[in-house]
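One chain, chain A, links the two complexes that follow: it is found with chain B in the first and with chain C in the second.
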Partner chain A sequence: MLEVKDLHVSVEGKEILKGLNLTINPGEVHAIMGPNGAGKSTLSAVIAGNEGYEVTSGTITFEGQDVLEMEIEERAQAGLLLGFQYPVEIPGVKNVYLLKAALNAQREARGEGEIPAPEFMKLVREKLAFMKMDNSFLQRAVNEGFSGGEKKRNEILQMLVLQPKLAMLDEIDSGLDIDAMKVVAEGVNSLRSAERAILMVTHYQRLLDYIEPDYVHVLVDGRIVKSGDKDLALELESRGYEWVTEESAA
Partner chain B sequence: MSAAQTFLNRLEERLSERQAASLPEPTWIAARRQAAAARFEALGFPTRRDEAWKYTDVRRIGEGDFVLARDAAFSKATAATLTLPIEAIRLTFVDGLFSADLSDLSALPSGATVEPLSQALANNHEAVGGALGRLSGVEFSPFAALNTAFTEEGAVIRLAPGTVVEQPIVLQFLSRANEAAVMSHPRVLIEAGARSQATVVEHYVGETDAANFTNVVGEVLLDRGAILKHYKLQEAPLGDLHIASLHVDQGRDSRFTSFNVNLGGALVRNDLVADLNAQGAEASYLGLFFAQGRQHVDNHTLVNHNAPMTFSNENYKGILGDRARGVFNGKVIVKRDSQKIEAYQSNANLLLSDRAEIDAKPELEIYADDIKCSHGTTTGQLDEKAVFALRTRGIDEQTARGLLTLAFAGEVMEQVDVDAIAERVERTVAGKLPERFNLAELVDASLNEVHDAGLGEE
Partner chain C sequence: MATEEMEKLVRREYTQGFVTDIESDTVPPGLDESVIAFISQKKGEPEWMLEWRLDAYRQWLKMKEPSWAHLNYPPIDYQAISYYSAPKKPEDRPQSLDEVDPKLLETYEKLGIPLHERAALAGVAVDAVFDSVSVTTTFKEKLAEAGVIFCSISEAMRDYPELVKQYLGSVVPKGDNFFAALNSAVFTDGSFVYVPEGVTCPMELSTYFRINAANTGQFERTLIICDKQAQVSYLEGCTAPMRDENQLHAAVVELVALEDAYIKYSTVQNWYPGDEQGRGGIYNFVTKRADCRGDRSKVSWTQVETGSAITWKYPSCVLRGKDSVGEFYSVAVTNGRQQADTGTKMIHIGEGTKSTIVSKGIAAGNSDQAYRGLVKIGPRAKGARNFTQCDSLLIGDRCGAHTFPYQEIGNSSATVEHEATTSKIGEDQLFYCRQRGISEEDAVNMIVNGFCKDVFQELPMEFAVEAEALLNVTLEGAVG
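Let's look at the complex of A and B:
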């Protein structure tokens, strides 16, 4: 589904990713962990199309398409969606506008017609309820004045409505208390299916108690230095990152 | 011969044809007209050498050849699509002339009078004469003088002390697509007695192909404790020339709120002046203008803090696309001894194109020392971070920009408490954005949701 090959990325002339390889197949849940500054967030940002990242070499393909050639919105329309660590506040743009415009853009890209209004409202209300969000969220401006937890829930709400093929979650657990984390995790888990994949970037193992990954990768200094199953995360939690760094250097 | 003289001569000729057929006017009106005409002739049309008109060129008005409206006929079907869909007390004017057919005064409560000016004068011209012209003398501007000289029709609203009018009073000015461009000089007079309350909506709208000249003057007198919300929704046809001034006189503890929304017209100039004459008087100015193509919209506002412990707050937003030009000039004058006043002003402008232009100028003149004042004006483009965030959700760049433009207007619109106006403006702003945004449909979805939710809760 997603194939990243020998990816080198620089930010303002400084190389952040130094030959990253990653393959994600449908149905899989991957977690990328690593110390601060290792380049964890850079990967998902590059896939989503954030400006300011220069891909100096390597490829990213998604379902056979060259991701780096696609416009930002085309990536999302194709089913690549990024949940931000720091969701942007968009004063004045109502959530309902964002959800409807986004969903219709995706449908249009697939050659489907616009979603009828009643169907849309039914869908959105159902997802809101699932995320334990009040209907009034729809009329509120995107993320404006939202608490940290509300912002993250809102990111997941967008995922539930847009049903991406590959959901990328960048530090989705940061700033969440345990109750908010459970709601967010439930939302993410509801996305799990044989056709969909999830890529989580996280600093802490805690999140992985709630969203169990199939694969855990350790990113150190711009490269994946170790991969394993969920037990690797537990090991990292108890031993820290240093032994992996040393092991890879050896 | 100057442009003003030519203009006057032509106008007088046309007026005399009409007046030959009607009853003679009370002498005070005739005298006032004469004096105003003389004043206008002496002043001439303003030019860009006049500080107050520095950015607004009105030559196309002076050079225009306008006739007077012959009648107030207007297609009922068309009117129905233009009229704000609200239950209201409504006076309708077509090219400045009163249309009884399109008016409805049935919901008028006792204690309130709403009449066309001609009728108010016929009933008791002396009662009108006392207030009319008190605030807007012929000195205010050449256009105010022109209006005074040639007013034919208008609206008189009077509220007895303590009267609360629940339904909005809508003054609807329809502009018709005529063979020859028409001019009108409507006059609006609002006298709100002590502790009275009302919402007045001046709504300018018309047939798409219309290209008429409207020169309106409004006067608002608020007695002690009176509360007036004044909405101006100017969505005149894109060929219309629109000059307006509104003068407000505020007594003790009175509250005046102005929502000044300008979406239409080729050349638009608004002057808004409030005099806070007694302690506790409060004025709020909220404004939104959106100009495209080669539209020109000029908003001049003035607050005079003439008394201590008075309060004013202003927030104007401008959106300019294509080669449109906007002007915002907001002035606050705090008189000596007007201590403990508060005056806040903010203006933000959004430029959607490189060729659009805004001249924004806040002016504070302060002669007292124990006061709180602030002002700020910003001009910029859309927040690129927000554009990116929307695009990562699959929304194309154009639509993202459209949504953010709508949002920019939203901050002022949120304070509009007549739903029909808020909805109308939201739809119009969405509809004014370049094609493909298809935001009007989004707005509909949102509004349906609101209505749905409303019904669900009842």
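Let's look at the complex of A and C:
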């Protein structure tokens, strides 16, 4: 589904990713872990199309399409969706309006018509209830004045409505208390299906207690230095990152 | 016989002096007292009106064009302008939509303007088939029932001379400023509204209903009087882009609110902004002022400014009455090479007066705009309050936004708050929206409309919907 080959990425002349390889198949849940500054968030940002990063070499393909040739919105329309670590505030724009515009833009790109309003409201109310969010969320401006937990829940709500093929979650657990984390994890778990893949970027193993990954990759200094299953995450939790770094240097 | 010959000669001299071609109803370019006499005569005005105009003209002659605004345009040659031309005859106008600039029609389409209205707006000779005739008639009947007077100012001068004489120039004096003096001397038409005591006008009044009746002139004059406990909502302009061969526009709007009266004045201004180089666009120098004369009176200005090459406009409130209220809500959008210097003045004279200013400026392309606001609190305005918020949003890095707030506080019991922000349209906001699948252009529109929401919600419902569409059209091509 997603194929990242020998990816090199720089920010303001400084190389962050130095030859990263990653393959993700439908139905799989991958977790990228690693110390601060290793380039974890860079990977999902580059796949999503953030223009602050310069891809100097390598390829990214998604379902056979060259992702690096696609506009940001085309990537989203193709099913690549990013849950932000720091969701952006848009004053004056109602949540419900953003959701509807996004869903209709994606439907249009797929050659489907606009969703009828009653059908849309039914869908959104159902997902809101699932995320334990009040209906009043819809009338509030996008992320404006939201607490950290509300912002993250809102990101998952968007995923549930937009149903991406590959859901990328950038540090979705940061700033969450345990109750909020459970709600977010339930939302993410409900996205799991044989056709959909999930890519999580996280610093802590804690999240993986709630969302069990099929694969864990350790990202150190711009490369994936070790891959394994969920047990690798537990090992990292008890031993830290240093031994992996040393092992890869050896 | 000899006398008759003499009269003929004199009349010929007279006509030659004022018009080259009597048929065309147009004066040659230039301005002097005889041109003003010609206008006054054409309008069939009473003698006192001519004197009033001439007095304004003599004051204007001694005045200098203001240069303090943050605007840059070539000097205007006031002797190169023709100050009177009657509405075009049907045979001179486009005979069908096929003869109209396709770009203009494309814009009408985008704004969702009904077909029959497109023709009227584009100046096609369709008066006979324009089906708003019946609408206008029912409209007039309803107003007459309520006792509301709504007509052109020329008609008002003939039919209600006492009201005009009492109030004309009482808010914006003839010699108030350079452009107001010019308008006072040469204005050709505009609207007149009088709402009698205790009457709430049964419908929103709109110049739109008069589009076909009178050519909205280059020098419009509007006078609205709301008597005690009366209320009116007035809509000026139209969201559709209006073409006009006259480059210079200098309108004057006067509002008078007596005790407990409420006037809501909403404007959508969308004059031709010129081509990509800014050529041929309208220069719009407007003086708008409200006099809250009565206690507890209230005036609310809401404006959406998207057109014109040059905008110079400061709708103001003189808060004379005790506990009177002034409000100013503004969205100004500039793109291409447009320039706008706009804002408001709130003059607090009476005790307990309150004013609110919310200004949203959006600059894109190579455009430049300034917010200029004065809050003046006089020594007798005990407990006066003002709240000002002005925000600017920049799209791209070739545009500019400036804020010039002035405050003159004449007593210590007043409360004045001012908030201002300038921000660039966030790359992160754009990325966030696009990462949800929304195109860049739609994302910009969404963010800008969100930015303007505080003002749009003050607009009458139908206007608000149109204003959003208009903003999107104005900002087309602003990014990418």
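Criterion: the second predicted complex is superposed on the first by the 250 of 250 C-alpha atoms of A that agree within 3 Å, B and C clash if a C-alpha of one lies under 4 Å from a C-alpha of the other, contacts with A are read in each partner's own complex, and residues count from 1 in each chain.
By definition in this document, a contact is a pair of C-beta atoms (placed from the backbone, for glycine too) under 8 Å apart; a residue touches a chain by one contact, two chains touch by 3 or more.
If you're wondering where the values come from, they're calculated on a predicted model, not measured in any experiment.
Participant: If you stack the two complexes on chain A, which partner ends up touching A:Gly148: first (chain B), second (chain C), both, or neither?
Facilitator: neither
Participant: Determine, under the contact definition given at the top, whether A:Pro35 touches first (chain B), second (chain C), both, or neither.
Facilitator: After superposition on chain A, A:Pro35 lies in contact with neither partner.
Participant: Is A:Gly19 touching anything from chain B or chain C once the two structures are fitted on A? First, second, both or neither.
Facilitator: After superposing on A, A:Gly19 lies clear of both chain B and chain C.
Participant: Quick one: is A:Leu138 in contact with chain B, with chain C, with both, or with neither? Answer first, second, both or neither.
Facilitator: Touch partner of A:Leu138: chain B, not chain C.
Participant: Could you give the residue numbers on chain A that contact chain B in one complex and chain C in the other?
Facilitator: 48-51, 71-73, 75-77, 81-82, 84, 87-88, 90-93, 97-98, 101-102, 105-106, 109, 141, 158, 162.
Participant: Where on chain A does chain B make contact in their complex?
Facilitator: Residues 48-51, 71-73, 75-77, 81-82, 84, 87-88, 90-94, 96-98, 100-102, 105-106, 109, 114, 117, 120-121, 135, 138-139, 141-142, 158, 162.
Participant: Note which residues of chain B are touching chain A in the complex, please.
Facilitator: Spelled out, the residues of chain B in touch with chain A are 383, 385-386, 388-397, 399, 403-404, 406-411, 439, 441-446, 448-450, 452-453.
Participant: Across the complex, what residues on chain A touch chain C?
Facilitator: Against chain C, the touching part of chain A is residues 48-52, 71-73, 75-77, 81-82, 84, 87-93, 97-98, 101-102, 105-106, 109, 141, 158, 162.
Participant: For chain C, which residues are in contact with chain A within the complex?
Facilitator: Residues 426-429, 431-440, 442, 446-447, 449-454 of chain C touch chain A in their complex.
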